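Next up, some structures in C-alpha cells.
Shared between the two complexes below is chain A, which pairs with chain B and chain C, respectively.
For the complex of A and B:
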C-alpha cells in the first residue's frame, strides 16, 4: 500500500493563518499510523490566490484532495479516515 | 581592475574579564565618492568604561581627521590635547592604529603605541614601501610611525591591540613575553596556509579567539583584532518574488545559477517558479519543520541554493540587520540567510515585483509589507552596518 501523502503549505498566508501549528503534526500522528503516512512541507501550493477554495491554511492529501482552513484536529481526523479506508 | 576589487574589513573583540565595556574601540568608514576605506583601532588607557571613552574619542577623531586629510602630526596633537588626563597616571593616553586605503592606490598605515601592523601576501610578510617615525614637539615622548604599503589584490593587513600580542604573558611558561607580534604572525600564516581564501571575518575571529585561549583563567586585557583583506568580491544572489510578467520567469530563473552556496530563493511562489523552470525540487527535512522556530522551514534545491519563505523571513532578516543582532539567535530560515550574507561581500537582490494578493487578505493577522520596501531597508542596513555592496534589480 502506498503511503498517504500529506503536504502542508508553508507559504506566507498559510503559515500566518495557522500552518505554523501544523509543523508539529508528525508528532501527533498515532504511532500505529506513522509508517503509513508521509508528511511534507511545501514552499507554497499556490492555492491561496484562487478563490472559493475555503481559505488558508491549505493541506493537500495524496496530491489531489485539498483541505482548506486546516487544523491539526481536522488533518489528523482525515489521516485516520484515509488510513482506515485504505486498510 | 580596481572596480572589481572589494576590501573586506572585519574586527573581532573580547572584553577584559569583569569589565562591562571594552577598553578598545574599532571604527570603520567608507568614503564612497573617493572609493576610500578607513579603519581606526584604539586601545584606551586602563580598562572598562573610562578606557572605552578614551578609545572611542580617539577613533572618532582619528577617522574624521583621516577622512578630511588632516596631516598626521596635527591630528595626533589635537587628539592628545583633547584626551582627558587620567587621575591615577596623570597622563591622557590612548594608542591607535589607522589604516587608509584608496582602491587602486597605496595603503597608508599610521600607528602610535599599538603593536606593529602585519602585511601578508599569501603567507609571506610584506615590508612597507615607506616607513618613518614622526615626533610632535608638544608630546615628545609619543612617537608616531607612518607607513605606506603596496596593498594588492589577495593581500591582508592585520592590526591588533596589545591584548592580542601580550596574551599568555605571565600565564604560559613557554611565552615569557606573551604571544607577541611574531606569534600572531606565524599563527596568521598557518591559518592562511590551511585556507588560502580565509575571510577577514574568520581570520580576525581566529586570532582574537586564540589570544583568549592563551589566557585560560579569563581575559587579562581587552583583545581587538582587525583584518583588512583585498580581493575579488564574493557574490551572493537573493531571488524573491514572482516577476511582474510571467513571460520573464525563465530569464528570472536563470539568475539563480551562481552555485549552491551563493543563492537564496526567498518565497514560496518564487521557489515554485524555480522548480518549474530549472527542474529541481525543493526538499524540506522533517526535522527542520519542527525546529524552524517561528518561521517556515528552510528547504534546499539541489545544485541551486536554499529556499525559504518570503516576506516574514525577510522581515526577520531586516530586524536582525538593523539592530545588528547575531544570526545565531534567529529562527533557522533567517539565520541561514544572515549567515550567507555575512560570508559574502556583494549581495545582489533580484526582485520579482508582482504583488501577492493573498497577503492583502484582511484575515491575515499581521501587516505584510511590500517586498520592495523591505529589501530597500535590508540593502541600507547591509551597506551601513556591515559595509556590504548591494545591488537591486527588478523583474
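For the complex of A and C:
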C-alpha cells in the first residue's frame, strides 16, 4: 500500500496565517499510523493565490485533495479517515 | 500568537502588498471589505456591514492614517491612498503616535467586577460569605449575591469557593496597561491618554476585539522601494525563530524582497554593550553607591520619562542597538534610508526621536515576503562579513543585556562583579516595584528592564 502523503504548505503566507502551528503534526500522529503516513513541509504550494488567501493555511493530501484552514485536529482526523479507507 | 485578530491583520497586509505590486491597490482598496464579507456570508461581529466598516478602519491604519483623525466618514480608502505623497518622499511619514483606538471596533467591555455565577450551589459552609472582608456577600434564594457597592475586588471569595462559582470579569486593555493610560471615555469607548502611554503595545496585543490598531508604515516602505530609494533592512535580534530558517536566510529574503542592503541590529548591540559597560564602570567609580538601568527597551525609557522622574538620571545614556545600527548604515552610505524590523510597538516612538526612517513589524515584513512569494527556508544564507556576537544576538532575551555587559566587563577587569536584577516584563506589579526602587530602595547596582516578558522575542508584534 502506498503511504498517504500529507503536504503542509510552509510558504510565508500560510506560515503567517497558521501553518507555524501545524509543524508539530508529525509527532501527533498515532503510533499505529506512523508508517502509513508521510508528512512533508513544502515551500509555497500557491494555493493561497489559486484558491483564496483567507483559506490559509493549506494542506494537500495525496497530491490532489486540498484542505483549507487546516488545523492539527482537522488534519489528524482526515489522516485517520484516509488510513481507514485504504486498509 | 495566532488568533482571529492577528489572522485578519496579516491577511489584509498580504492583500495590500499583492495589490500594490499589481498596481491595483488604489482601485482595490475599497473593494477589500466587501470581498472579505459578501452579503449572506458569516459575520464576526453583529453583521457583515459592521465587519466591513471595521475592515475599512483597519485598512486605514495599514495605510498609516490615524483612525482617530477621521473627519469625513464618506472619504474612500482610495482617496486616503491618493492623498499620501507617494511620489515625493519629503513628507513626514512617521506616525506621531504609533497606536490608535478604533472606536467602532471597541466593544465597550463592562467595568471589571467580581460576580457570582449559576455554578453557585448555595452550600452550607459558605466560605465566600465568611472570607469576604467587606461583608459584601449574602445568600439570596439559595445563590450567593455580591453587593457591588461594598465589593473591593480582593478576590478572596474567588479562591474560597470550592465550585469555582465566582469569577472576576475584566476589561482586557485596562488590565494589560501597566500605567493606566487606556480608559473608557464618556461614550464607553476605550481611549488612550498619550500623556501617560509608554507605547508598550500591551493593549494592542490584549484587546479581543482588535480595536487597538498600530499605525503602519507598510505602504510607505513599499512606495519608497518603488521610487527606487535604497532602503536598508535592519533586522532586530528578536528575529531568531520568528520565521522558519536562520537569520542569515532571513537577510537574503529581505534582499530579494527589495531592500538595497541588509544587516543585523545585533551588530549595533555589540556597540551598545561596549559603551554601556564603559559607562557603568565610570558611574561606579564616581559613586560606588549609585546604580544604572538599561536603555535599550524603548517602552522602559518611555516609562521612566513619563512616570518615574527620580530614575531619569540613572538610565544609561548609551544609545540602543537600533541607533548604533543606523550609524553603521549611514557611515557606509549617507543617502540610504533605514528600516528597523522588529517585534516592538515602542520602537516606532524611538525611531521618530532617533531619525530612523521606517519601522516595520515582523508581521509586516512577513506580509511583504508572502506577497512577493519569498520563502525564508528556500533562501541561501546571506554572505555576512561576520556573524554578530552570540551575546549581542541574545539582547532579545531577558537577562541578555546583563550577560553581555557582564561578559564585556570581566574581559576588561578580571573578577568584575555585577550586582544585577532583571525586570522581566512591565506590568502593574513590576511597575509598583520599580516605583519603590525609584524612591530610594534600589537593591542592586544594575537594573535590566524589558517591557515584554521573556524579552523582545515575545513582543506585541512577534510572529511565534
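Definition applied: the second predicted complex is superposed on the first by the 83 of 87 C-alpha atoms of A that agree within 3 Å, B and C clash if a C-alpha of one lies under 4 Å from a C-alpha of the other, contacts with A are read in each partner's own complex, and residues count from 1 in each chain.
Keep in mind that, in the parts below, contacts are C-beta pairs under 8 Å (C-beta built on N, C-alpha and C of every residue); 3 or more make two chains touch, one makes a residue touch a chain.
Since this is a predicted model, take the numbers as computed values, not measurements.
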Per the contact definition in the header, classify A:10: touching chain B only (first), chain C only (second), both, or neither.
both
If we overlay the two complexes on their shared chain A, which of chain B and chain C does A:72 touch? Say first, second, both or neither.
neither
For A:54, is the partner it touches chain B (first), chain C (second), both, or none of the two (neither)?
second
After superposition on the shared chain, which partner residues are touched by A:21: those of chain B (first), chain C (second), both, or neither?
second
Using the touch definition from the top, say if A:44 reaches chain B (first), chain C (second), both or neither.
both
Which partner, once the models are overlaid, touches more of chain A's residues, chain C or chain B?
B
Shared contact residues on chain A - chain B and chain C
10-13, 15-17, 20, 43-44, 46, 48, 56
Provide the residue numbers of chain C that touch chain A in the complex, in ascending order.
2, 7, 10-11, 14-15, 36, 243-244, 363, 366-367, 369-371, 373-378, 463-464
Which residues of chain A touch chain B in their complex?
8-13, 15-17, 19-20, 23-24, 26-27, 39-44, 46, 48-49, 55-56
Footprint of chain A on chain B - complex, ascending:
267-269, 271-272, 282, 284, 286, 288-290, 292, 294-297, 299, 307, 309-312, 356-359, 361, 363-366, 368
Under the stated contact criterion, what part of chain A meets chain C in this complex?
10-13, 15-18, 20-21, 43-44, 46, 48, 53-54, 56
